[in-house]
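Two complexes follow with chain A in common, the first pairing it with chain B and the second with chain C.
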Partner chain A sequence: MEKREPVRHFQEELGQLKARILAMGGLAEDRVQSAVDGLVSRDPVRLDGVLKGDEPINQLHVEIDGLAFRLLALHQPMASDLRVIVAALKINSDLERVGDMAVNIAEAAHRYLALPPVKPLLDLPRMAEIAQTMLRDALDAFVKRDVDLAQSVLVRDDLLDNYKTQIFRELLTYMLQDPTTIEAGLELILISRHLERIGDHATNIAEDIIFVVSAKDVRHAQNLEP
Partner chain B sequence: MSQALFSAGGIHAVPVPMPAFAGIARAAESRETPELSPSQIHVSQASFFYGAKQALFDISLDIPANLVTAFIGPSGCGKSTLLRAFNRLNDTIPGARLHGRVEIDGVNIYSPSTDVVDLRRRVGMVFQKSNPFPKSIFENVAYGIRVNGLASSRADLHGRVEESLKSAALWDEVKDRLRESALSLSGGQQQRLCIARALAVRPEILLMDEPASALDPIATQRIEDLIYQLKTDYTIVIVTHNMQQAARVSDYTAFFWLGRLIEHERTERIFTAPGEKLTEDYVTGRFG
Partner chain C sequence: MEKREPVRHFQEELGQLKARILAMGGLAEDRVQSAVDGLVSRDPVRLDGVLKGDEPINQLHVEIDGLAFRLLALHQPMASDLRVIVAALKINSDLERVGDMAVNIAEAAHRYLALPPVKPLLDLPRMAEIAQTMLRDALDAFVKRDVDLAQSVLVRDDLLDNYKTQIFRELLTYMLQDPTTIEAGLELILISRHLERIGDHATNIAEDIIFVVSAKDVRHAQNLEP
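Up next, the complex of A and B:
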């Protein structure tokens, strides 16, 4: 019998938990991408794919909660291990919501495509790009335990908020000028709102990662700093 | 003690698949279920008496092969008594007797034809307090191999000693000091030596009675890692007062209370959603 390296049962399962979080992050990101691509390229088939494909994310949502629950109950983790598992539970919820946002965007896009276009879509794709990069960087920061990268996600949230306000004002002028654009304009405003929410979830994830790595709670702290 | 570990060689019983325990059948529905393995120890309506005092009441359970089963429960609940019934270690206590059946690999180990010495080779035991012989590290492991006539040559003996020490994750620490006294080892090392000694006679089942309760957290961790590795090759039953330890190392957990088996389920279930109120009270520390 060959000598086997000591196997840390717990560490294996913790690694599995992290891998599942990343898989879920990848799925959520893809779905946001498909929803926005479907809108910009006016491709209803692509949007249908988003509307029908929620199941894998939902399955991962349940699986990750189960894994984390099991690790907490059976291994009584401490310190950084405890922080990772609690963060994983929260990140799991955020990613599931991002998946839901992708569905919301696809639904609004479907309704929008049935109406005459209000204007060429310029800012929304930019917003989507920022929201997705935030999400990707937050998950990268989780893998690399990179506080600086997580911090950079927090900063970009303001950018998204500004875009949302800008899009709202611009569409408002169109709608005031021509009430027939109201319905389509509202759908675009809704989509910008969903993209802004995705940025909020990415921000939550980044805050959790800062907590995992440095044990510092940075939530609600920006307004308190001098 | 030594009689529990070593004895003359015998013939292995042919494993016979046993009817699955209800808990195992239920667990098959769970995602986390380990491979469904046949039951290796089958206990059926077992009651145990120390003289007039009844210690176990009508216990029936199946212990699956190649998994870790933990027995938990407050002091005096009968968990050690049941563990010791698996290699008939209670036989040495005057007035002790068992009603019911305990089968290993489908054979009733309490039948008159049972070779108890061989039973104790097949069912090894590790105790709470490490109990190495006052001999060298090498001799501690070699003893059982010699007594059982398991080695065909000197080289074979050395190979088996090395293999056992490696399996017990002790080899790297002792390979250059095999001739030194076993008593020169630390508490944790002595306990792993006792595990190596039990493994040396190639048992099928390893019984552990509070194997880490006298050890510090680091040594405890090593024993727990070892248990996790050993279950690939052995069926392990561990008695522990430490519920967290049961949660960490075992696949199935049986909870005993006042000599009765209250619940036997997948460990995950016992510690997250037990079926019985008594179990819930015990694992949440609301007992008594």
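Up next, the complex of A and C:
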């Protein structure tokens, strides 16, 4: 049973919504970092931590949806505030899926560690770094309402795509030359796809921020705050 | 320049929003169908149609977001109507990504057709059929507000996951036995992952519908319709 509190001031709740989004972003980032670190340092315990630790992010996912819904229902926000809340709903979905990608990476890394290694991981760590920086910058742009930073995230998506293609080609070459690397190669290909998707989610978030900051309002907002 | 019309009745606009969601769902479904048909019938022209034809779905994506935002801004809907609009925003994102999956499948199928075929596609067509039925049923559940049908979509996600794992294992066996099948095998593995993701999106949609229909309202809705 939820304890009923008096309706708090709109801006305070909106601030709380943004803070929860950032907390969720931080959690998602940490989980990706742990999955990649577990792969690089060949540390199955670290990977297990990722596999077992998705409860906090799932809780935040539900909580943020609830907060956003409550803000929409109780305060009927207009214009800029409405855009922030709608963006928060979308960003929430994207961050939850980033958390899923961390799990996917940890699962693939676990299978990879059980096989003879292909090569020192090619450019996968570099790809992970780009994806994570994109995510961090997208969330930073959300806090600062920084359209330029958000734009810079969009541009980096191609870079990630190029790395993915290059890694695919390199792994294919190994697999063709030496079929004992096929299984390990497949896992690394899957990991590169998961990293690419993290970049896609960062891109979605950046697009939402551009909408929040720069959307033209069709009409003047009525101020419905209490 | 958008022509200004007088503000239409809320329920009429909400009906329009639902109709656009269904139109988008239909388009997304058609595109997945064409991509899979193009693969099965080895028809590159059909695949090209998928690669070139994403403009209508992208337009609908923007249009639906705009409609939902307009409904939130102008009518300040409460309770059940608010849930429908929030769900529409989420379903819109999911359907756009299903459209992206159709493109990914068509791209992989194109590369696959240029290679010596592995085998008669294993259970990929069956997997595609399940993913598409899940999507169709999820949209049907949205129209009919049918929680049971939505629940049945959730259950089928495991089935899809099992097919994905089985296809992966079978292809891996071929690739290990005959390295000339590696490239084609990789493309089929990627296609099975795209199909799995279509099932994930159908699952997301089904979850949204359950939220729309069964969420407990915290307080009675004020009727803010004009």
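Note that the second predicted complex is superposed on the first by the 206 of 226 C-alpha atoms of A that agree within 3 Å, B and C clash if a C-alpha of one lies under 4 Å from a C-alpha of the other, contacts with A are read in each partner's own complex, and residues count from 1 in each chain.
We adopt the following convention: a residue touches a chain if its C-beta (ideal position, glycine included) is under 8 Å from a C-beta of that chain, and two chains touch if they have at least 3 such contacts.
Remember, it's a predicted structure, so these values are computed and weren't measured experimentally.
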{"item": "Which of chain B and chain C A:Leu22 touches, first, second, both or neither", "value": "neither"}
{"item": "Residue contacts on chain A - larger count, chain B or chain C", "value": "C"}
{"item": "Which of chain B and chain C A:Leu113 touches, first, second, both or neither", "value": "neither"}
{"item": "Which superposed partner A:Glu63 touches (first chain B, second chain C, both, neither)", "value": "first"}
{"item": "First, second, both or neither for A:Phe10, with chain B first and chain C second", "value": "first"}
{"item": "Touched partner set for A:Ala73, first chain B, second chain C, both or neither", "value": "both"}
{"item": "Which of chain B and chain C A:Ser93 touches, first, second, both or neither", "value": "second"}
{"item": "Partner chain(s) touched by A:Met175 [first = chain B, second = chain C, both, neither]", "value": "second"}
{"item": "Residues on chain A lying within both footprints (that of chain B and that of chain C)", "value": "69-70, 73, 76"}
{"item": "In the complex, chain B residues that touch chain A", "value": "31-32, 163, 166-167, 169, 171-172, 222, 225-226, 228-229, 233, 244, 247-249, 267-268, 271-272"}
{"item": "Chain A residues within the chain B interface of the complex", "value": "1-4, 6-10, 63, 66, 69-70, 73-76"}
{"item": "Sites on chain C touched by chain A in the complex", "value": "68-70, 72-73, 76, 78-79, 82-83, 86, 89-90, 93, 172, 175-176, 179, 182-183, 186, 189-190, 193, 204, 218-219, 224"}
